[in-house]
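Across the two complexes that follow, subunit A remains constant while its partner is subunit B and subsequently subunit C.
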Partner chain A sequence: MNNKNNHYDVIVIGGGITGAGVARDCAMRGLSVLLLERFDYTNGATGRNHGLMHSGARYAVTDKESATECIEENMILRKIASHCVEETDGLFITLPEDDLGYQKTFVEACRAAGIRADIIDPAEARIMEPSVNPDLIGAVRVPDASIDPFRLTVANVVDAQLHGADSLNYHEVTELIISQNRVVGVKARDMYTGEVKEFYADVTINAAGIWGMLIARLAGITINMFPAKGALLIFGHRVNKMVINRCRKPANADILVPDDTVCVIGTTSDRVPIETVDDMRVTDEEVRVLLAEGEKLAPSLATTRILRGYAGVRPLVAADNDPSGRSISRGIVCLDHEERDGMAGFITIVGGKMMTYRLMAQIATDMACSKLGKNAVCETATTPLPGSEQQKPASGKQAFAINAAEGRHGTFASKIKYESDTDRAMVCECEGVSVAEIRYAVENQHVPNLVSLRRRTRVGMGTCQGKLCACRAASLLGRFSGNIAKAQCDLAQFLDERWKGVKPVAWGSALREAQLTATIYQGLCGLDKAIARKEDEK
Partner chain B sequence: MKFDTLIVGGGLSGLTCGIALAKRGKRVAIVAGGQNTLHFYGGSMELLGNVNGKDVDNPIEAIAQLNENHPYSKIGADSVAELAKKAKALLADVGIQTIGDATHNHYRITPMGTTKPAWLTIDGMATSDKADQLPWNKVSLVYLEGFIDYPIDFAANGIRQMGVQVETPTISLDCLKRARRSATEMRPTNLAKIFASTSAVAQLAQAINNSCGDADAVLIPAVLGIDNDDVCNMLKAQVNKPLFFLATLPPAVTGVRINAALRHYFQMLGGRYILGDTACKVVTNGDTVTEIRTTKLLDMPLQADNYVIATGSFMSRGLVADFEHVYEPLIGLDTNAPDDHEKWSQYGMMGDQPYMSYGVMTDGNFHPLKDGKTLTNAFAIGQILGGHNPVVMGDGTGVSMITALAVANQIK
Partner chain C sequence: MATTQLTSISDHNFEQCLKCSICTVYCPVAAVNPAYPGPKQAGPDGERYRLKDPKFFDEALKLCLNCKRCEVACPSDVRIGDLIQQARMKHKSYRPKMRDMMLASTDLVGTMATMVAPITNFTLGLKPVKAVMHGVMAIDKHRTFPAYSQQKFEAWFNKNARDYQNTFAKHVSYFHGCYVNYNFPQLGKDFVTVMNAVGYGVHLLEKEKCCGVAMIANGMYNQARKQGEVNMASMRKSIDQQRPVLTTSSTCTFTMRDEYPELLGINNDGVRDNLSLATRFLFQLVDEGKIKLAFRPEFKMRIAYHTACHMQRMGWAIYSTELLRMIPGLELIELDQNCCGISGTYGFKKENYETSQAIGETLFADIEAAKPDYVSTDCETCKWQIEMSTSVKVLNPISILAQALDIDATRRLNSSEWHRMDA
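What follows is the complex of A and B.
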């Protein structure tokens, strides 16, 4: 920990992209910061979306303000987070069942919001993107892109730390310490040891997404949020190279995004009770909708292996003067609880989108600075994140895993040391993850378990979904972290977590692969017995 | 082309059935796609390892507790006992020596350092008579540098929990240098190819002797002996302590060896092994199968007096699940799976997954049903049969061999 006296200028609650962005901005402005995350970074909505870097076109017709924010942030992220972004561009296609007249409205709205939108011939669109539905009658090209939220979040956390911030994952805020109508600190429980620690700060920023509603309750404050579940499906390979959207009013399952080696269709949108947000499961109905609509964007999805389904929860916020929740905003909401509720030293930043995390962080940090009487300029729009300090190296002659690592870690990849032959050994063939990259992640990127390791390195995220690499990675995690018994339990938890996503799509090749995985780990390896034995000991 | 019996599927059950028939002088052909589940083998055949959550000591006695749909219930405990003896003898005939018998399970040691009940274990693999005890005070668990398909720390941890002292010396062999330098060459079957040379085995033996101080026994990954166990025996002779093999992650060298031994023996008996082809069409006429077509011999119908379907479960594509149904793709045989995919599986990966027990419906003699009627000259054997969960019950390889031999007995 950088800070020894346990008192900070700012405590940030929530290790999603918003919290990580706030921590970075605060740290860059010279504030002392502590970031607290209950599970792993990106565990909430940040890690459970499309990985789409919106151009803003999707919101152009219905919400010009959001659209403008999106395109501005889109252009910024291409510069400051180049190692997290793949510049794919996107298509908005019109199908025979859609109104081609909407295309004109759409393009005009895009242009008004500052988003480049080029109408292209359907035949040209098919050449640009051969997977697109060949029946399309219209196409518009926009600057959508694909972004890796795991890398983006970790890069923000790492940079916050480089600027002196402290960061603890697996620390759950259980209590806000309140003194005379002021939040003066928090109590946080170490999720592994159970130890409860107290941390103090002049300002506490609630950036916990949908869980921010519960954090605010700890201070007796009500924020009118509406958890909106969004389900998505991942396919076994990258069917499309451009983002494919439907050119119509935003609806269910009308975006298909290429992400690394796979592609993702989504989303649905359904209100869910706040009590259920910790255990989101994809339902059969959602799977049906996603498949039916997805095939309309790219017909080959009908015959492509589905890897898994997952769901996140959007933290939608109702305007304060509308308790019914009818006028829900997707815009950014920054609440000064001193002004709103008479609770000093407490700010909530919520709403918005992953796309606008940097702007959200800027707004929240501005408010924190004014409370602290600090006058510092925000530089996050121009200072590259670690890993993106320079243009991507034009590599290609190196080993697959080294190229893949550069793609994942940008300039940080040079810190991965290949000292022995074994360091070069491939742990995950699908994603090209080497032994050295695993060690780098374990030693430098807050990896307390195998699921975190997956988020840092993509190990087990590819086509095989961790068939052999999960065991290899768990074994290495045990060795590098020194806790072998825990790594073995992690392996079982990792497989179960993967299964939770496979279960809703368990037919076809997903079922076939699941049987193979069970045959290896339950049959051959007897992993179930190893875990049972561990539980007996407890 | 006409045969006495045509077997579709060249895995453990298909080959076992083929050998039993060919030995009786029958003209048998096997259509084999290629890889099969022996590649995911742990070094032991399992007859029946677990019933109602409890480890089984005597598999033959435990058959009485199985439900009526289990393949063993259709055969009957006495006959299973007879066939189990024949299975062990058949393995010995093909050159696979095993320890164990059907009336008393022993335990194999898994790559995770746990134990699992076993019926027949390949001679030389590490085993124990007890579930939670091993026959050594101190073992040397050898790590071949760079071989990450062997979770040695987990194995060591598990073995230590059984009260055994474990040391894990790392051995770095010159003969593996080239493999180590490649990111993807240090895999079990590649190592087995390198250890096919006597000089590589000698290097390994010397390194083991130099590094395994006062241990009672040496355990090394089962990456020797892809064709036969000659090099395994050579290594044992050169190492100055008792040496045993531990299963690795797939592909399993021992499984590949069994597969090759069965196949060569079948071919030696005159059996036709049509490798790399896939049956794609089965013609039926009333209650009989009349011919089979394959993707590569489309113009050449394959005919036989009897047809044996040994195409395996989902992972071998013997069963296929689409959004709405579980079906048998070759003939359209009836299955025991409900038409609601939400019922096929459940949350909790390591639980008793319903889909694991799906298979084709048969009568008591393993004649499969199509549209509710039996096909009188066809049989289904091995993992395509439902009524049991092989990963939970530990009976997969047993069901494959026992049903194969039961059906071979029926074919006149």
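What follows is the complex of A and C.
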């Protein structure tokens, strides 16, 4: 920990992209900061979305303000987070069942919001993006891109620390310490040891996404939020090179995004009770809708292997004067609870989108600075994140795993040391993760378990879903972190987490793959029996 | 719009890969050369990354022998070898070198070399020439080029055999391949002898070009495709005349049956089922009771049979071994299934020599231990490799058959018109 006396200028609650962004912004402005995350960074909505870097075109017709924010942040992220971004561009296609008249409205709205939108001939679109539905009758090209939320968040956390911040994942805020209508600190429980620690700060910023509603309740404050579940499916490899959207009013399953080695179709949108948000599961009906609509964007999805399904929860906020939630905004909401609820030292930043996290962080940090009487300029729009200081190396002639690691870590990849054949040995063969990369992640990126390791390196994200790599990775994690005792339970939890995503799409090759995994870990290695024995011993 | 994707872009079943890694266990290259990442990674794993960005194409894919043993091993029917070859075709950043073009252009080089065969053979055998080839052309100095024949098989056939082929009741066409034509016409002569003995007239195709296997291996895909189209057109004509096409080379057969449609996009419908290896054709005729074989009683030979990789891929070794087993005086040892390491032109390249010999090591030791009179195999490049690396000479099963058959007796058994012809 950088800070030894347990008192900070700012405590940020929530290790999603918003919280990580706030921590970075505060730290860069010279504030002392503590970031607290209940599970792993990106565990909430940040890690459960499309990985789409919106151009803003999707919102241009319905929400010009959001659209403008998106395109501005889009252009900023290309510069400051180049190692997390793949500049794919996107198409908005019109199918025969859609109204081609909407295209004109759409293009005009895009241009009004400052988004470049070029109408292109359907024949040209078919050449540009061979996977697109060949029946399309119209296409518009926009500056959409794909972005890796895991890398983006970790880069923000790492940079916050480089600027003096402290950051703890697997620490759950259980209580806000309140004194004379002022939040003066938090109690946080270490999720591994159970130990409860107290931390104090002049300002506490609630950036916990949908869980922010529960954090506010700890101070007796009500925020009207509407959890909206969105389900998505991941395919085993890329079918498309560009983002493909439907050119119509936003609806279900109308975006297909190429992300790293895979592509993702989504999403659905359904209100769910706040009590259920910790365990979102994809339903059969959602799978059906996603596939039926997805095939209209790219017909080859019908015959492409599906890896898994997952779902996240959008933290939508109702305006304070509309408790019914009828006029829900996707815009940014920054609440000064001193002004709103008479609770000093407490700010909630919520709403918005992953795309606009930096702007959200800037707004929240501005508010924190004014409360602290600090006058410092925001520099996050121009200072590259660690890993993006230079453009991606245009490498090629080197081993697959080294290439893959450069894609994941940007300029940080130079810190991965390949000193022996063992270092170069492959742990995850699907995604090209080497022993050296695992060691780098464990030593530098807050990796207490395999799920975190997966998010830092993509280990277990490939088509085998951990079958070959999970036990290798568990062994290395145990060795590098010096905690071999919990490796077995960690391995079992990791495989369960993988199965949770495979289950909704368990047919064909995905089912065969899962069966082979079960045979290896349960039949051959007796992992389930070993876990049962451990629990008996307890 | 031919580029539009309607069906899965999963060429060659790559999504069916369950990552079981059995292919890598069976890969002869991965076993001896750590620089090669193995078929799983070079094939289905790498393909996902190449779809993301072509920069993930790994030059180490050049080390693949294209032996297809991975495909034989795969329990999920992923055509791993095809994936790797296709990736090389799509992403290769190098142009074929002069050496590669020379090794691959078997027709052109063969034609020139046979014209001056004694000089060529003498020159290619000279130490200084080998040193120059090693140094300048990167053709390994340990290699011995197969000797060029003074008379091409086609010339021999036209002069000595063509005229009486129409006297037979049944007919086949013979795709002799470059090796028989330029280097070893004896195998072609043996083929004609055997086929005539069982009552079949032999004909050459209207036009025959090299099957293109060496061109595929050396990146000359367009040339390979052009030649393939010529071969298919000629074969279609032959098949229309009720003449199935036979070969005496497992690799030529495999290339034209399977690599043409999978890699070169050549349509071989209607040809594939009528294009076979001579041993398979003969075995099936014997098996169906349509021909009979008579053998020389004094014939004795101890044979060690080596299954060439493409023979294994086709699953056809059993036709050759069972045919050989019909010979009463023949003692047959089936060698364990191991790649010999040459893989056509692969082993001729200086950079591959060590890998090539390391792959073959087990096979060479098995051969020496078996102490056979001859090794038999259906592939000519295996023959060069085995003859260079062991003390044993190699014969094609058809040549063994030609030696073992009592030709006159066989002819009598298979020709109802024999009396009239002989009289």
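In this text, the second predicted complex is superposed on the first by the 538 of 538 C-alpha atoms of A that agree within 3 Å, B and C clash if a C-alpha of one lies under 4 Å from a C-alpha of the other, contacts with A are read in each partner's own complex, and residues count from 1 in each chain.
Simple rule for what comes next: a contact is a pair of C-beta atoms (placed from the backbone, for glycine too) under 8 Å apart; a residue touches a chain by one contact, two chains touch by 3 or more.
For clarity, every value in this text was computed on a predicted model and none was experimentally measured.
Q: Give one of first, second, both or neither to describe whether A:V459 is in contact with subunit B, with subunit C, with both, or with none.
A: Once the two structures are laid over each other on A, A:V459 reaches no partner at all.
Q: Determine, under the contact definition given at the top, whether A:V442 touches first (subunit B), second (subunit C), both, or neither.
A: A:V442 sits against neither subunit B nor subunit C.
Q: Just subunit B (first), just subunit C (second), both, or neither: which does A:A298 touch?
A: A:A298: touches subunit C, not subunit B.
Q: If we overlay the two complexes on their shared chain A, which of subunit B and subunit C does A:A123 touch? Say first, second, both or neither.
A: second
Q: Let me test your reading of the model: by the given contact rule, A:A188 touches which partner, first (subunit B), second (subunit C), both or neither?
A: Touch partners of A:A188: none, neither subunit B nor subunit C.
Q: For A:M426, using the defined touch cut-off, is the partner it touches subunit B, subunit C, both, or neither? Pick first, second, both or neither.
A: both
Q: On the A-aligned overlay, A:R512 touches which partner chain: subunit B = first, subunit C = second, or both, or neither?
A: Both partners, subunit B and subunit C.
Q: For A:A216, select first, second, both or neither according to whether it touches subunit B, subunit C, the two together, or no partner.
A: neither
Q: With both complexes overlaid on chain A, does A:R472 touch subunit B (first), subunit C (second), both or neither?
A: So A:R472 only meets subunit B here.
Q: Given the superposition on chain A, which partner contacts more residues in subunit A: subunit B or subunit C?
A: In the superposed model, B touches more residues of subunit A.
Q: Once the two structures are fitted together, what part of subunit A is touched by subunit B and by subunit C alike?
A: Shared contact residues on subunit A: 399-400, 421, 426, 429, 468, 512-513, 516.
Q: Could you list, by residue number, the parts of subunit A that touch subunit B in their complex?
A: Subunit A residues touching subunit B: 281, 284, 399-401, 421-422, 424-427, 429, 434-435, 468, 471-472, 474-476, 478-479, 484-485, 487-488, 492, 495-496, 498-500, 503, 506-508, 511-520, 522-531, 533.
Q: Mind listing the subunit A positions that touch subunit C in their complex?
A: 123, 126-127, 130-132, 134, 236-239, 258, 260-261, 298-300, 303-305, 394-397, 399-400, 403-404, 407, 421, 426, 429-430, 432, 462-464, 467-468, 509, 512-513, 516
Q: Which part of subunit B faces subunit A closely enough to touch in the complex?
A: Where subunit B meets subunit A, its residues are 37, 40-42, 110-116, 145-146, 148-149, 151-154, 156-158, 161, 177, 180-181, 183-184, 186, 247, 249-250, 252, 313-315, 317, 320-323, 341-342, 344-350, 353, 355-356, 390-392, 394, 396.
Q: Would you tell me which residues of subunit C are touching subunit A in their complex?
A: Against subunit A, subunit C makes touches at 1, 3-10, 15-21, 34, 37, 40-41, 45-49, 51-53, 55-59, 76.
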